[in-house]
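Below: one structure in structure tokens.
Chain nomenclature is as follows: A, B, C, D, E and F, assigned in order of appearance, with residue numbering initiated at 1 for each chain independently.
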Amino acid sequence: MPVANDVDLQVLARGTPGFCGADLANMVNEAALLAARQGKKSVEMTDFEQAKDKVLMGVERKSMIISQDEKNNTAFHEAGHTLVARLMPHADPVHKVTIIPRGMSLGLTQQLPLNDKYTYTKDYLLTSITILLGGRSAEELVLKDRTTGAGNDLERATELARKMVCEWGMSDELGPLTFGKKEEQIFLGREIAQHRDYSEETAIKIDQEVNKIVTSSYEKAKRLIIENVNALHRLASALLEKESLDGKEIDEIIFGNNTLVVQESLQMEEGKV
Amino acid sequence: MPVANDVDLQVLARGTPGFCGADLANMVNEAALLAARQGKKSVEMTDFEQAKDKVLMGVERKSMIISQDEKNNTAFHEAGHTLVARLMPHADPVHKVTIIPRGMSLGLTQQLPLNDKYTYTKDYLLTSITILLGGRSAEELVLKDRTTGAGNDLERATELARKMVCEWGMSDELGPLTFGKKEEQIFLGREIAQHRDYSEETAIKIDQEVNKIVTSSYEKAKRLIIENVNALHRLASALLEKESLDGKEIDEIIFGNNTLVVQESLQMEEGKV
Amino acid sequence: MPVANDVDLQVLARGTPGFCGADLANMVNEAALLAARQGKKSVEMTDFEQAKDKVLMGVERKSMIISQDEKNNTAFHEAGHTLVARLMPHADPVHKVTIIPRGMSLGLTQQLPLNDKYTYTKDYLLTSITILLGGRSAEELVLKDRTTGAGNDLERATELARKMVCEWGMSDELGPLTFGKKEEQIFLGREIAQHRDYSEETAIKIDQEVNKIVTSSYEKAKRLIIENVNALHRLASALLEKESLDGKEIDEIIFGNNTLVVQESLQMEEGKV
Amino acid sequence: MPVANDVDLQVLARGTPGFCGADLANMVNEAALLAARQGKKSVEMTDFEQAKDKVLMGVERKSMIISQDEKNNTAFHEAGHTLVARLMPHADPVHKVTIIPRGMSLGLTQQLPLNDKYTYTKDYLLTSITILLGGRSAEELVLKDRTTGAGNDLERATELARKMVCEWGMSDELGPLTFGKKEEQIFLGREIAQHRDYSEETAIKIDQEVNKIVTSSYEKAKRLIIENVNALHRLASALLEKESLDGKEIDEIIFGNNTLVVQESLQMEEGKV
Amino acid sequence: MPVANDVDLQVLARGTPGFCGADLANMVNEAALLAARQGKKSVEMTDFEQAKDKVLMGVERKSMIISQDEKNNTAFHEAGHTLVARLMPHADPVHKVTIIPRGMSLGLTQQLPLNDKYTYTKDYLLTSITILLGGRSAEELVLKDRTTGAGNDLERATELARKMVCEWGMSDELGPLTFGKKEEQIFLGREIAQHRDYSEETAIKIDQEVNKIVTSSYEKAKRLIIENVNALHRLASALLEKESLDGKEIDEIIFGNNTLVVQESLQMEEGKV
Amino acid sequence: MPVANDVDLQVLARGTPGFCGADLANMVNEAALLAARQGKKSVEMTDFEQAKDKVLMGVERKSMIISQDEKNNTAFHEAGHTLVARLMPHADPVHKVTIIPRGMSLGLTQQLPLNDKYTYTKDYLLTSITILLGGRSAEELVLKDRTTGAGNDLERATELARKMVCEWGMSDELGPLTFGKKEEQIFLGREIAQHRDYSEETAIKIDQEVNKIVTSSYEKAKRLIIENVNALHRLASALLEKESLDGKEIDEIIFGNNTLVVQESLQMEEGKV
């Protein structure tokens, strides 16, 4: 089946970082199947988009019954991620946000890097941690409660902060050293655990530095949301109404006339973290 | 065999959270069998209820000989759970309480959520911990002794409190970080143990926060029981007489004319924990 | 072979807590065999008693040659257990005491609960610990020496005290929390070790509480023995002479005219531990 | 082959504590073989003695070439054990001492208990530790040097002292508790290691108590040797000349006219350890 | 196929330390293949060089699309390694530097030792650590950011510093002792982990010494780059233009007329680390 | 093939401590082979010596290309071992020193004990540690640098010192106790690791005592070398020239007329370590 004229391969490629050959083949087959089911004569861009999401995030679970409370919660949580991701300089562009459950998650904010990355700068990592904490920040500030749904975000943020300190030498306090030795490939050919080969005194310093990175990023996420709380409410409302928003829709919802102001104020603060 | 008109599928569904296909099939077969044994022409709601309890909680062990002391103890223990569960705002409705031994337990208080939950709020978790501690609270206040029967409740309450602090970022003291790294799938494809990757200093803070959550919930459970100690005695007496009580019976026993007052006083205190 | 008229099944049943079907079959066969060997026409109560002891405690080892010193020691040790068990309120009735070696042990004090227990109260557990320490107390007070024979008693007393603190929430200092996480079913389907998931600070508190429970129980056991030292000497002498004593004989030896006094003084102290 | 008239079964039996049936059969065969090789008509006491030593301690290694220095060292080491064992009240009688190498050891002091022991008193254990340290004490006082040959003695003395504190409740400081939990039967059905389940604070106390027991026993051993240093020299000289000494020879060498005095002075000190 | 006249076996040999027979055979085959593909009549030096790089570092990945930002970053990172390696006395000569990605790395600075080394001096090890830290130093000083790309350099620098302290007795603070015991050959015949057999107090000293070595080397690398920042810019520009530079080209880029001055100033500082 | 008249079996035997039957057979075969290759009619002493070295130390690797720097380093390192070994009272006689690489080592100093030893005195062990540290001492004093080549010496010296403190009771500070429990025979029938069963407080004391033994021995080795630095230079020069030296040559190089003086000054200091 031929590919329709509207298919933009570059946009598709950007949306599939980390895809291996089998994933790509999988996506093309899914797209062709979707087009065939609808009696189309060519595979269109929407077919590829849906196929990509299915491969990337698992099957949509539209039949799942979710209470209004949890839907509301999820909408604000994802709006938090999206708002922070859209406002941080150095962040990858926001491609899509949805509160349709897929696989194991109730919602998703998806960013697309402009090109493949092989290394990450300290600024980019701090930005990623701040975006990860945007969901919990929105919950806490608007809903005045915290949910278990943020657990995975916090785990990933903590892990990134720990690696910044222990593997990538990004803490001035601990210097350009690495901490913890990986135990390699025993039994089943995989790393099992980091082996702690440092003193308790060093362990305390590591904890303090990891804490400093995560809590200062959390403060920044909360500040961004407070300063743009109206945009957050608009995003959450739109999500509750439409369930999914693409990058263009997100921009229209967030930006009235104060976009540039926020960006500038942020860039001035950037150096302090 | 046809299903009787009195069968309310929605109530059944709410009572079976976490049931997989095999469990449901199992329940339907048990219900049909029970109806057949009694020579019924259709499977009635009571058959489904009994079948559900059997699948959910194991076979009733009516032949087990339990001393009057232990029966009394169990009645007050379960009455404690039930009273706290019924009085806490945010708690799932109480469906049933029984002191007929089933499987490994001497009694049971069963709550039915109004709908499936995929995430839990901090308030809901604190409520759950308080309910879990309601049994021991009743033992201690009324019987002036503590039994080993509460061990499982305490273990579950501690585990929830620890997860609030270490996995779900719900302690202000420790912030939006996670603590402890799971060791994955060695040998037999399952998590074995949390890997402690933090300092002793952090371990002390975690212990303090977990302790604060559990002991303040315990204080709340004890306060609720003291303020409603007559309702507790009425519940325990009814249990010793009838062995099982459903949600409607529980409400009739607990509430005279002071229901709303308790609820209000609680809601005012809610924010402090 | 018929069962004799003197067989009291209720007494037999109380003496076999934890017996499974195979154990019961085993006991009945042994009893029949014993009766047959003596040319009896029916299986009498004494046959059942002997059969039960054999299944419960292993074969009597009458041929074992034990020095007079060790026999004396064992007699005072068992007399200590028996005296404390008989004097403590809340203790299960004492059924038998013997210094005939059986299996791995040189002597045995056997209590029979009046009915099956599924949970244990804090009072009952403190009583059990005090009885376990009664043997060593007698050794120390009368013989002015300590033997390795008490090692197993101390281990069980310590384990009970540790569970009171760490699993059953019975220490006010540590509160209604549990400590230590069980590692489940690795390799051969069994728990291997408690996983220590708490700080050193908490470990110190646990040690202090466990120590407090065991040492205060030890003080109580010693006090009981000092106040009734004549009864202890009478019990030990009777054991050295007859080797075994049943519940009725024990009562006759212990109680002259001061029984009730002891009981009352104890009940007054009970609340302090 | 018949047994000679001089064979004293009681003495043989005392010298074989812990022998199982196979060991006994082994010893009898060896004795018969020895007698046959010498063309004897009956198996004599000396044949049984030699056979027992072979089963108990391994084959004599008379061909092993040992330097005069090491022989001298061994003689004083064994004389130290022997002297202390002979002078301590509560010690089992000394049966034999030898500097003929056997199996893994260069020399041996053998005590024979007067009867089987199933439990050990604190006094007996302190005596055993003091005897174990008698070898090193002699080395240090007379030869002014310490050898690696005492390593095994020290290990056994430390282990006994640790068990006194951790398993048998014989330290007043730590009380009638046990410390450390045995990990049972993993993989190959055997205990692997003691599981440390106590705090560092308790570990420090245990170390101090174990140290107190071993060092005070060491002081006692050294004092005994200093007060009887002439007997030590006489014993070592006799060993260098004859290589082996039996109990009667040992007594003749040690005791002139001051035996009772030593015993009395010791008994007065006994209570202080 | 014959070997061309321009092939210098000694240079090839120096560039293949650690090659085993199979690696050498592999290299020769690859070189012959490359020559054959180009229709050459003999295998030339360039063929051997390319074949060696392929065996040593993996296949070139010229098709990998790398953003201009990351290319720039890599160029300054490698220029940092190269500049430090070229300026340190005691360093092995720099053979080549490239920003063509190969295998897992985005760039590479290759040094060739003048002859095989079987042992390493403290000076040589400090030099190696300083060169390893040259990449991160350049990133930090010129780009004012830190990337994850330096993680592997930091790990190797830390490991060398730790071995200097723990295995090679090169810290005056800790003296000529070794720390940590290797666990040998369990299960699959390989070392698994260093066994920590020292106190926390010693662990703190080790951490301090390792830190001192790495941070003082880092200071030296940064000082060298600051003093020669123009050479760094020239090297990075040339790399961005030509992608690879050989030893001769590197020398031409770095050295105008101030070479000797730098060398001298360094040699004076050398003793202080 | 017959054995030549010059073969001195006693010297051969002294040079093969720890040889088992297979090693001896191996040596005899190698010697016969060597003699046969040279067309000899009998196996001479030199054949046995070469065969012994091959079995003991691995094949000579004369073809290995070693830089002049490393050869120089090795010569001073081995000269250091040799000089200290020759000057220490209580040391075994020096048989040979070589800088021909064999197996894994670049050089070797070989001592031959005058007779088999089954135990070691504290003096002998301190002497061994001092000799092990003689190589690093020579490097540091003469070459003003430290190499990784001494790593194995330091490991063995540390291990001996640790055993003196933890297994052989040779530290006054820690007394006649042992520390650490061996874990036996798991999985593959071998000890895996010492099990640390003592407190952190004890671990600190052990570290201090081990450190004291090693550093005081190091000071003694350095003092010996400083006082005899001319002999060290003569030894190193001779090694660079001849590659191997036997005991007689070593004596001629070291001793002019000041031998006895050194020995005496050492014996006076001996007691202080």
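Rule of thumb we're sticking to: contacts are C-beta pairs under 8 Å (C-beta built on N, C-alpha and C of every residue); 3 or more make two chains touch, one makes a residue touch a chain.
Keep in mind it's a predicted model, so treat the numbers as computed, not measured.
Colleague: Just to be sure I understand the contacts, which chains border both chain D and chain B?
Modeller: C
Colleague: Identify the chains adjacent to both chain A and chain F in the sense defined at the top.
Modeller: Of all the chains present, those in contact with both chain A and chain F are E.
Colleague: Which chain has its C-alpha centre farthest away from the C-alpha centre of chain B?
Modeller: F
Colleague: Report, in degrees rounded to the nearest 5, the angle of the rotation taking chain B onto chain E when the C-alpha atoms are fitted.
Modeller: 120
Colleague: How many angstrom lie between the centres of chain D and chain E, each centre taken as the mean Cα position?
Modeller: Computed value for the inter-centroid distance: 62 Å.
Colleague: Round to the nearest whole Å and give the separation of the Cα centres of chain A and chain D.
Modeller: The separation of the two C-alpha centroids amounts to 72 Å.
Colleague: Go ahead and note the Å separation of the Cα centroids belonging to chain E and chain F.
Modeller: From the centre of chain E to the centre of chain F is 36 Å.
Colleague: Enumerate the residues of chain E that touch no fewer than two other chains.
Modeller: 187, 200
Colleague: Going by the touch rule set out above, what shape does the chain contact graph take here: line, ring, star, complete or other?
Modeller: ring
Colleague: Order of chains around the ring, counting from chain C in the direction of chain D?
Modeller: Putting chain C first and chain D second, the full ring order comes out as C, D, F, E, A, B.
Colleague: Would you mind writing out the residues of chain B in touch with chain A in their complex?
Modeller: Checking each residue of chain B against chain A gives 114-123, 125, 167-170, 175-179, 181, 183, 186-187, 195, 197-202.
Colleague: Where on chain E does chain A make contact in their complex?
Modeller: My answer: residues 65-67, 70, 73, 101, 106, 133, 136, 145-151, 154-155, 157-158, 161-162, 187-188, 192-194, 196, 200, 203-204, 206-207, 210-211, 214-215, 218.
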